[in-house]
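Each of the next two complexes has chain A plus one more chain, namely chain B in the first and chain C in the second.
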Partner chain A sequence: MYLVNYIKEVLSALRSLLIGMRRTLFYFTHHKEIITEQYPDNRATLKLADRFKGEVVMPHNENNEHRCTGCTACELACPNGTIKVITKFDITPEGKKKKAIDKLVYHLELCTMCNLCVYACPSDAIKMAQTFEHSVFDRNQLTKVLNFPDSKIMDGVE
Partner chain B sequence: MVEEIGTTQDGDLIINVGPQHPATHGVLHLVITLHGETIKKVEPHLGYIHRSIEKMCESLTYRQFIYVTSRMDYLSSHINNHGCALLVERAMQIEVPARAQVIRVLMDELTRIASHELWWGAMAMDLGAFTPFFHAFREREMINEIMEDTCGARLTMNYMVPGGVQEDIHPDFVRKVKEFIALFKRKVDEYDEMVTDNIIFRKRMENVGVISAADAISYGLSGPSLRGSGVSCDVRKYYPYDVYNQVQFEEIIETGGDSLARYMVRIREMKQSISIIEQLLDGIPDGDFCAKTKAVIKLPKGEFYQRVETARGELGIYVVSEGATTPYRIKFRSPGFSNLSALDHMARGSKIGDLVAMMGTLDLVIPDIDR
Partner chain C sequence: MWSISKIASLVHEWLSNTFSATWVTVFEMVIAGVLVISLFAVLGLILVMMERKVSAWIQIRLGPNRVGPKGMFQSAADTVKLLVKEGMTPNGADKLLFNVAPFLAIVVSMLLMAPLAFAKDFTLWDINIGVLYVSAISSVSVISILMAGWASNNKYSLMGAMRSGAQIVSYELSAGLSIMAIVVLTGSLNFNDIILSQADGWWIFKGHLPIWIAFIVFLIAVTAETNRAPFDLAEAESELTAGFHTEYSGMKFALFFLAEYVNVFIVCAIGATLFLGGWMPFHIGHWDGFNHIMDFIPSSLWFFGKTFFLIFLIMWFRWSFPRLRIDQLLNLEWKYLLPISMVNILLVTAMAILKWHF
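Presenting the complex of A and B:
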């Protein structure tokens, strides 16, 4: 009796193993089910999700104009001091002083991609870009100025 | 620690497992006292990934501190964020729009499935099966893509804010989730076929790491680990938040108390999560995805506590506010820490080879333990 049970157990063990192996064999013979992406070979066709948070950028239009008013809401929203807004005073044609942005300094190496700055910006001046290949040889290169040289604020943005 | 070593008898062997040992998850250091192959004691040494999150939170505002909690239990980041958002909303009496509530619960349940899936793969790999890991990651990838579409991140989401969510769901969200559910329903059976019914696996799980209901409660276990010992403890049932009181779902309870029971709870919980998602997916209400809130949030003076059910158990967030823009003190009651404390009790007297099964079914996430 013991022997019969023993053999039964061995056979049932073999059966359960074979059932498990059937799955492996199925995927071995069905290449369509394989979903691995061959990065970096597929760099040309690789598309990340539209909202992927890769880096904070400031979009400029064709006249080199941005929407940033220098209100520093993003600087206050950022949990780890990634953004520094350096403001200056422009003289408007009417001769009035107007606060404007001199530099928006962004430290990519500190950024946690939490999106809080973009969420806080009242004039939609910054957004998240989908870049992700950020490695450089010197970390100073990771400190960026988001507004382009000689850029101006768009008309109508307060 | 020093005197403890002094109490070992002749012939005892003390071995260190981790942090660089491949058998451990994350960076957990275990000092194991062995007598032959039998475990006499397991001492977890913590702190390798301590980032002082609670202290950090004291200098962050009520909008900012949420993002740090994604880095505690990174597999349940949505649920951690959800708990923080709920706390602030309750304290400030912010009414959350119906749409935001449904979106949040959907995200929570997707997170739970993703987390359980990763656990399932990692656990099977710990027990020596390599293929399940890739199967689990393949399905989890679909959830990650859904998350990436809507929240822009795959792990550290920071999607929930006091008052709702940061952005509306992606137009493709409902379609993709439906695709995922259709596929996942088939795959769960595949999981059972591949691992649950496997005889080697069963033999390594049955009657391993048994913990009685009373012991489990006294060690402060929560979540699937406690429900595996037959205790009903689902925060979603007892303290429902958002729309959890409007959906039908079953609280999964297994009475075995062993590793297999804890395993079965998680497998069955995935199916329940699918059912919750199905109930909500077709009727996402229209409207705002975020309530209007003040730019600067100042919690009223007092103490606040909010609990949520993460994939690992009950996460409690305790805030002492002095009425300022930053909390005076924050304490996180993380499920992983309490669950780990029961490991020594479970492991005593069993063989060293079974330790991995116990650790696996406790579903330890080390950053959650250390914070």
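Presenting the complex of A and C:
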């Protein structure tokens, strides 16, 4: 009985190995579909996966308005201090003081593209862009201010 | 018709007519040495390129495609890069052993080239104990790996070397026993005799099931002996950085790399010689017309074709199977391959005595 099980074990192992080899042989002989991108050649038509995370950006609408309330949730969520939110106080028409962002500073050189800031943001103000050609000659250029100059918060975003 | 053996005999004739017997021997040794070294270089280039292309195609990629047409000069460019790189010796290393180890590895592969029959009547050294010689010399390669691992004075290197020691020593047994199966059938340890015994059909066709088992065991065992995936525990990139050659760089690393690929070629050449008839053309029984056409293909082409088929098989293994753990590796050898090949050699012996093979 032991011997029968032994032989069965060997044969089933061989069988499963052959199944694996049949699969790889199929890929080897069907060399039409290529899953890798031929990057520098197809730069114009390059399609990235939706989940690709290149850098953090803050989308603005046509009136130069963003959705950031300056709550610093992203700054707290960031594991390596990539984001620094500098806030200021705006005076509303009613004469109240309202917290708003002055600058949202983003250090691309520290960022690991972990996406935690985007998850933490309660008002969907930031998102991950698909750009990835980040090389520059000066390290200072990697420190970016995400909100555009003179941008305001969108109406209705609290 | 021109054949390799004819060229060799012409060169020998010319040398014998021009120089005295001593100088003829010296010149022939030099020529053989240069040929072996250039074969090494060419094999290194071709096999690295082949491996990269095969792996790319299996993984639905393109592989190297920048240098030269279809990326064919990539391995040449890599060689130039390795030649100009600095060969570092770490401060804490055992300097002598560290620098000797890669040369030992390459010398072992060179020695293994000697008894191979590359074409009809073309062998560097036609000895009557070729098979024994090959199995004896191939076990020396473990010394170079242990030497490299120990001399590097690095935990990864030492672990890789120790693993590879356990692996090569244990898999040598089943490789040897599966080679013995053929020796039992032919009754000779000479490679040329073994090839001539396959004139009426290769052993893999004549030998029924036991030879098939021996062939499969041989393939598994030599994959392990050459330290290739799925048995590449000696260098296991994800665990040990690069195993025994972690500390090597430049040409010293390249020698290990070259020795690995040349070893693959050698074990595949031995497999092709023992099981697939070496340079013997493919013949079917009494189809004289067909057999005659097959005879027109040069014997060296047959040899290299079969060898490269086996090399492809081993590359195919590498890119299909995941790496084994060390206990699984030793289980496979001692609990499966060794008992199977021992029973198998009994079967083969019975077959040889009772003349059951064709």
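Things to note:
In this section, the second predicted complex is superposed on the first by the 122 of 158 C-alpha atoms of A that agree within 3 Å, B and C clash if a C-alpha of one lies under 4 Å from a C-alpha of the other, contacts with A are read in each partner's own complex, and residues count from 1 in each chain.
To be clear about the criterion, a contact is a pair of C-beta atoms (placed from the backbone, for glycine too) under 8 Å apart; a residue touches a chain by one contact, two chains touch by 3 or more.
Only a predicted model underlies this, so the values are computations on that prediction, with no experimental measurement involved.
Contact comparison for chain A: of chain B and chain C, B touches the greater number of residues. Once the two complexes are laid over each other on the shared chain, residue contacts for A:119 go to chain B alone; chain C is not touched. Legend: residue contacts after superposition of the two complexes on their common chain; A:66 is shown touching neither chain B nor chain C. Of the two partner chains placed around the shared chain by superposition, chain B is the only one that A:77 touches, whereas chain C remains out of contact. Once chain A of one complex is fitted onto chain A of the other, the partner contacts of A:16 are limited to chain B, with no touch recorded for chain C. Contact with chain B, but none with chain C, is seen for A:52 once the two complexes are overlaid on the shared chain.
By the touch criterion defined above, A:31 reaches chain C but does not reach chain B. Within chain A, the residues touching chain B in one complex and chain C in the other are 17, 20, 23-24, 35. Looking at the complex, you find that chain C touches chain A at residues 54, 57-62, 216, 316-317, 319-321, 336, 340. Listing the residues of chain A that touch chain C in their complex gives 10, 14, 17, 20-21, 23-25, 27-28, 31, 33-36, 38.
On the side of chain B, the complex with chain A involves touching residues 60, 63-65, 67-68, 131, 135, 138, 141, 145, 148-153, 156, 158, 161, 166-167, 170, 190, 193-195, 197-200, 295. Taken together, the chain A residues at the contact with chain B in this complex read 12-13, 16-17, 19-20, 23-24, 35, 48-53, 73, 77-79, 112-116, 119, 128.
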